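Okay, got some structures for you below.
Next, two complexes with subunit A in common: one pairs it with subunit B, the other with subunit C.
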Partner chain A sequence: MESFLDGTLALFGSYHATLIFFLGLVGGMLFGAIPGVNMLTLGAVLLPFTASMNPTEAVMMFSVIYCAGVFGGAITAILFNIPGAPENAPTCFDGYPMTQKGQAGKAIGAAVMCSAIGGVASAILMMTATGAIASFAIRAFGPQEIFALIFFGLAVSASIGAQTLWKGWLSVFVGLLIATIGTDPVAGIPRFNEGSIFGWEYSSYYLSAGIHFIPLILGFFAVSEVLSQSVSISKGTRERPKASLDFPSLSEFWQVRFTMIRSIFIGFFSGVLPGIGATLAAFLGYSQAQRWSKNRANFGKGELEGVVASETANNAATGAAMIPLLALGLPGGALTAMIMGIFQIHGMEPGPLIFINSHDLVWVTFAAMFWANVAIIGLGWLQTKTVVHILRIPFRWLAPGILILATVGAYGLRNLMIDVWVMFIAGVLGYLIKTTGYSAAGIVLGLILGELGESAFAKSMQLMDFDPMGFFNRPIAAVLLGLGILAIITSVISEIRGTEVQKALMD
Partner chain B sequence: MSERFATSAEPAAPPFPPEDRQGNRMETATAARPSQIERFKGPIIEWLVWLAIAGFAYWQTIYFAKDIVGYPPGAAGWPRTICILMALGATGQLLYKLAGHDLAEPAPAAAKETHTGAHRVVQRLAIFALPFLFLYVSPWIGFYVAAPLFVITLMLLLEVRSPLAIAGVTLIVYALFLLLFTRFFFVALPNGRLDGFYEVNNAIIGFARMGL
Partner chain C sequence: MSMSGWRKTFIGACGLALLAAPVGAAEMLEKPDGYGNRPITIIVPYGAGGGSDQLARAWADAAEKVAGLTFQIVNKPGGGGTAAIPDFMLARPDGYTIMEAIDDAVSAYASGDIKENPAEDWSPICMTQITFNQIYIRSDDDRFSDWKSFVAYAEAHPGEVTVANLGKVQSMERITMAQLEESTGLKFKQIPFDKPAERYGALIGGHVDALFEQPGDVRNFIQADQMKPILTFLDERPELFADTPTSKEVGADFDPLTRFRGFYVKSGVPEDRIAFLENVCKAAFETEAYTKFNKDKYMDVIDSFRDHKGAVALINNSAKAYKEMYEKLGL
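After this line comes the complex of A and B, so read on.
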């Protein structure tokens, strides 16, 4: 507690540190909310300038950008069905239908409160148990457990956004297959970059680098939504969403308290593990909320609980992601890797000794993340009151801007025009997917987790001398695999029972 | 389903057609056959499409199916497993549908289409084609020239007819894009290969970065 108060005093006792704190906060929220750019863009732009900054302030600023950026992405997900980052994708499922029903204010209000609550809870857990959690996670989680966790995550999240379980799994398989394009993780052999189709030979440098998930996300969510709305305009069927400013009531929050608590633990647990991060946290949080909810039939149609689950989980992962970074020097994602870069620029080495050698830096960072999440409530409220008015602008005026931003966002990733082609092709496919009941989210989930899953599987098999039963000799991996298999079996049974009930009702 | 058939099996004139185990008239089942075929045509086509995708991907793995020392599955092991799972998943989906479990959720009542006609179809096709045309011409005439043309064309396709709105939106989008991506983030967008356009694009970039 004393260290936390010292950190808070150091943060707000200096005009310079306070200014950097608020710049990071506002910057993260804005960049998270602009389609086509995200907190990583801001981080990449600011990284070179950290060389001339005090390391404590630099690390603090990036931590604040991380918290604010994960929240900021929810705004566009709710208003336009465009997730600011992959971890906001599940927020679209219910956030955007709420906007269409004239409940945008309620959805954003829930995102503000739940991001703040998830983030604050995560920061408290981080402050109290960093050392213990880090050493447990790293000792107990090897490649086998990582693979088992990914399997479990896919097993419980596969049907998200799909009409049936089968369509959900097929969507995930497409994502997993797209993830294999590029190079194999064991020997670096190029895959699907050259070959022959009935005598027509093809070869592509682009494919040897793999298909990046950002153009696909922009295509599946942003471009397909613009196409869908444009077609509605041409059919004369588009209804303009109302710009409502109603916040969720306290009783509504009270009704979803268990969802919030569950999502905090899911988010924190997923965030601690390097490479897993906030994306799986958000998908797991959402799928578990749907599984346990009394209103599960309303999920995907504008259920507040869906927004609560995904936004609590993804922000709960932010504090947790700092644990392996600070305690062991293992960055879990792109932004934490940038923070690792700041340490290197300043000749510092994160690890157990950082708590002794750089005590001030650690506690200023912890305090900044705590207060950033608290500040999200105030700034998020202000942002809600202003940003909802964007809905008053006719969609015909917004559509060109969204497409230009998405185009530059996809191109700017690697300066490749083909990324933009991939985005627009994904946009058309996303439009078709909407009409056939398959899940764009499932494809994105498979794509994001595919590479990591294959890598963990290959390492596991090598460690276990290619004996698959070795997974069951490790308790955590065995439990996760068992739960994953159980989740698949129960979801198949409930799918069949569900249609039986539906059939009986129709008869 | 059986209940529905049972209720529809009203007393029929002799000779009575044979009954199945549930007491349904076989005639009823026979009469339903053409619609059943129609009903399963879609799922079978869907299954064939999935098999084609999985089969094609599996076929292409032969071009990188190389052995890796100390890793018997090799480079093709993982993608081939996914192809097999995809084929199994598609087959599972087909069997599930053939077993009569394909009752999709009833679609929400669609709003009545008020704009119809051939020109509307052309409009929709143009909406889909425009982004690809924009991508095709961008490397030739440069992104800085193509972007405002794209914005104006899209707005016209979306039935914006007010010159003020078209000019205002184009100006705002273009100014924000230049400020954010060209001036602050230095995104190196294509600046055209054709004579004339290259110079125009560079002039716009120079203007956006004036004073830097």
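After this line comes the complex of A and C, so read on.
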């Protein structure tokens, strides 16, 4: 506690540090909010300048950018179905439908509050238990446990956004299939980068990069939405969403308290594990929230709980991601790798000794992350009161802007044209999917979990001499796999019962 | 300030800049006619923030200072460096598009995954980072503490010892391990980890027994005594790792492959521009800032620079070695 107060004093005690804090906050939020650039872009541009900065301020600035950047993308996700950054992708699933229902203010308000709560909780956990958590997580979670975790995530993802469970599973499997396009994670073999479809031969290096889930999301959600809105305008059936500024009420937050707590823990553990990170945290938080929610059927149609789950989890991952970095010198993602770079530029090595050798730096960083998350509430509240008014602009003027933002977002991701094509194809497919009862969110989940899951599965099998029963010799993996299988069985049973009941009613 | 006043100040500032310019230009390399007046694009086929990206940014900074050029860095990650190639090949051969590439491009060419020969279809300007491989274990591992005890353990547990490595079977990393297995008769289980953080976490967390890596990438773990090298893939011990045996010493008699990162233009770029860029690269490599950058990454342990000719030789030799090994291993 004393260290935290010292850190806070050091942070706000000098004009210079305070200025850098707020610049990082606003910069991270802006770069997070604009599709096509993200906090990594800002980080890569700023990294060379950190050589001439004081290391404490440089690390502090990057950690603030990290916190603010993860939150920033929620706004465009909610208002236009365009996630500003991958971490905010699941926020689209329910955030945008809420906007259409005229609850944009409520959705953004929830995103602001939950980002702050998730981030603050994670910062507190980080401050209390850094070293111990890092060594536990790194030892307890090998490839087997990560595969089991992803399997558990997959087991519940079939029920998201689909009309029936079967359509949900088909959607997820399509996603899993798309995940196999590109260079395989096991032996580096290029898959589907050349071949022929109905006699048409194709071959492309681009395809070796695989299909990224961001252009898919932009297509499925933003582009297809522009298409269907245009259709309803031309038919004269469209109603403009009301731009309400209502904040969620306290009782609404109280109703989702368990979702919030669950997401904090999911986010925190995802953040600690290298290679999982904030994006998967948001997706797992979302799918678990749906699994346990009373309003399960309402997910994907504008359920506040969905926004809460995703935004709490992704910000909870930020504080957690600092733990393996500081305690073990193990950056879990690109931005933490840049922070690692700052340490090295200044001749410091993160690792167990950093808490002793660079005590001040560590605590200024912790304090900065804590206050950055608190500051999100203030800035976010301002944004809610201002940005929502964009919705008052007639859609025929908004639509080209949305398409441009989405295109820039798709291209800016990897600077590859393939992502723009994928986005437009997904846009058309997404428009068609909407009327069939299949789930675009399910496809996206299948794609993300498929890529990570395949890699973890391959490693596990090689480590276990290709004996699948080996999973059940490891307690954590066994429990997660067991829970996953249980979730599948119960969902199948309730689906069969459910349809029987419906049939009975129809008779 | 009135408009005319502002203008006067501006003109004055320009005048000052002009006066100052010749002094700066005397130290700068002379540009070939009509080249270098607009920004030069550097395509980095890997993501922002990674080792290759950091190299491109450090090198571009140095090159800007020595030659007065401006660079724009564009990351095009995907497919292990393959996805960026089409855009590079589509650019005009005017020297305004440079691509960074690493030894993976050479192994991809040798294995037929890409058609472009990095030594012929592209023209290397220079290599600015060359490094070697090592095998690492946990410093606190109680089963073995050096190469000798590691081998004894591996012989007592045949086929059980796991080594975290890259995935791609034709990569320099996997080929080097295959060479080691072939010449020493040892057998390891190689587990592919595509993300570096996972690879290092797997060793520290005890999910694998050893790690195959370049020293610069695990410098902080070595210095924090979380990992230690037990074998260096070189003919002679570098001073920095004087206590670690080399592959040659332990009876692995092959020419160790190296990791190299360098910059390329397309072939067909005018000769004078290539020669100019080659000079820029050498001057940039020798700047204080870049030297420090390389030192911090352990990229000064062996000679890290090759000019155009040296780079072509390095690429051709590596490609030949890869092809021989693929044949031997039946890949």
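Here, the second predicted complex is superposed on the first by the 489 of 507 C-alpha atoms of A that agree within 3 Å, B and C clash if a C-alpha of one lies under 4 Å from a C-alpha of the other, contacts with A are read in each partner's own complex, and residues count from 1 in each chain.
By our rule, a contact is a pair of C-beta atoms (placed from the backbone, for glycine too) under 8 Å apart; a residue touches a chain by one contact, two chains touch by 3 or more.
All figures in this text were calculated on a predicted structure; none of them were measured in a lab.
Applying the stated clash criterion after superposition on subunit A shows that subunit B and subunit C can sit side by side.
Look at A:Pro143: by the touch rule set out above, it reaches subunit C but stays clear of subunit B. Of the two partner chains placed around the shared chain by superposition, subunit B is the only one that A:Arg191 touches, whereas subunit C remains out of contact. Between the C-alpha centres of subunit B and subunit C, as viewed from that of subunit A, the superposed structures give an angle of 100°, to the nearest 10. Contacts of A:Ile377 after superposition on the shared chain: neither subunit B nor subunit C is touched. Contacts of A:Gly182 after superposition: subunit C is touched, whereas subunit B is not reached.
In the superposition on chain A, contact is made by A:Leu335 with subunit C only, not with subunit B. Look at A:Phe457: by the touch rule set out above, it reaches subunit B but stays clear of subunit C.
In the superposition on chain A, A:Glu239 makes contact with subunit B only, not with subunit C.
Legend: residue contacts after superposition of the two complexes on their common chain; A:Thr41 is shown touching both subunit B and subunit C.
When the shared chain is aligned, subunit B and subunit C each come close enough to touch A:Asn415.
Here the smallest spacing between CA atoms of subunit B and those of subunit C, following superposition, is 6 Å.
Judged by the document's definition of touching, subunit A residues 41, 184, 186-187, 190, 415, 417, 458, 462 lie at the interface with subunit B and also at the interface with subunit C.
Taken in their complex, subunit A has these residues touching subunit C: 40-41, 43-44, 47-48, 138-139, 141-143, 182-188, 190, 193, 204-210, 274-275, 324, 328-335, 337-338, 340-341, 343-345, 347, 349-353, 414-418, 455, 458-459, 462-463.
Within the complex formed with subunit B, the residues of subunit A that make contact are 37, 41, 45, 163-164, 166-167, 169-170, 173-174, 176-177, 180, 184, 186-187, 189-192, 194-197, 223, 227, 230-231, 233-237, 239, 395-397, 399-401, 403-405, 407-408, 411-412, 415, 417, 420-421, 424, 427-428, 437, 454, 457-458, 461-462, 466, 495-496, 499-500, 502-503, 506-507.
For subunit C in complex with subunit A, the touching residues are 47-50, 53-54, 57-58, 61, 73-80, 82-87, 113-114, 162, 166-171, 189-195, 197-198, 200-202, 204-208, 219-221, 223-224, 226, 296. Of all residues in subunit B, those touching subunit A in their complex are 1, 3-4, 50, 53, 57, 60-64, 66, 68, 70-73, 75-76, 78-79, 82-83, 85-86, 89-90, 92-93, 96, 100-105, 110-115, 120, 123-124, 127-128, 131-132, 134-135, 138-139, 147, 150-151, 154-155, 157-160, 165, 169-170, 172-173, 176-177, 180-181, 184-185, 187-190.
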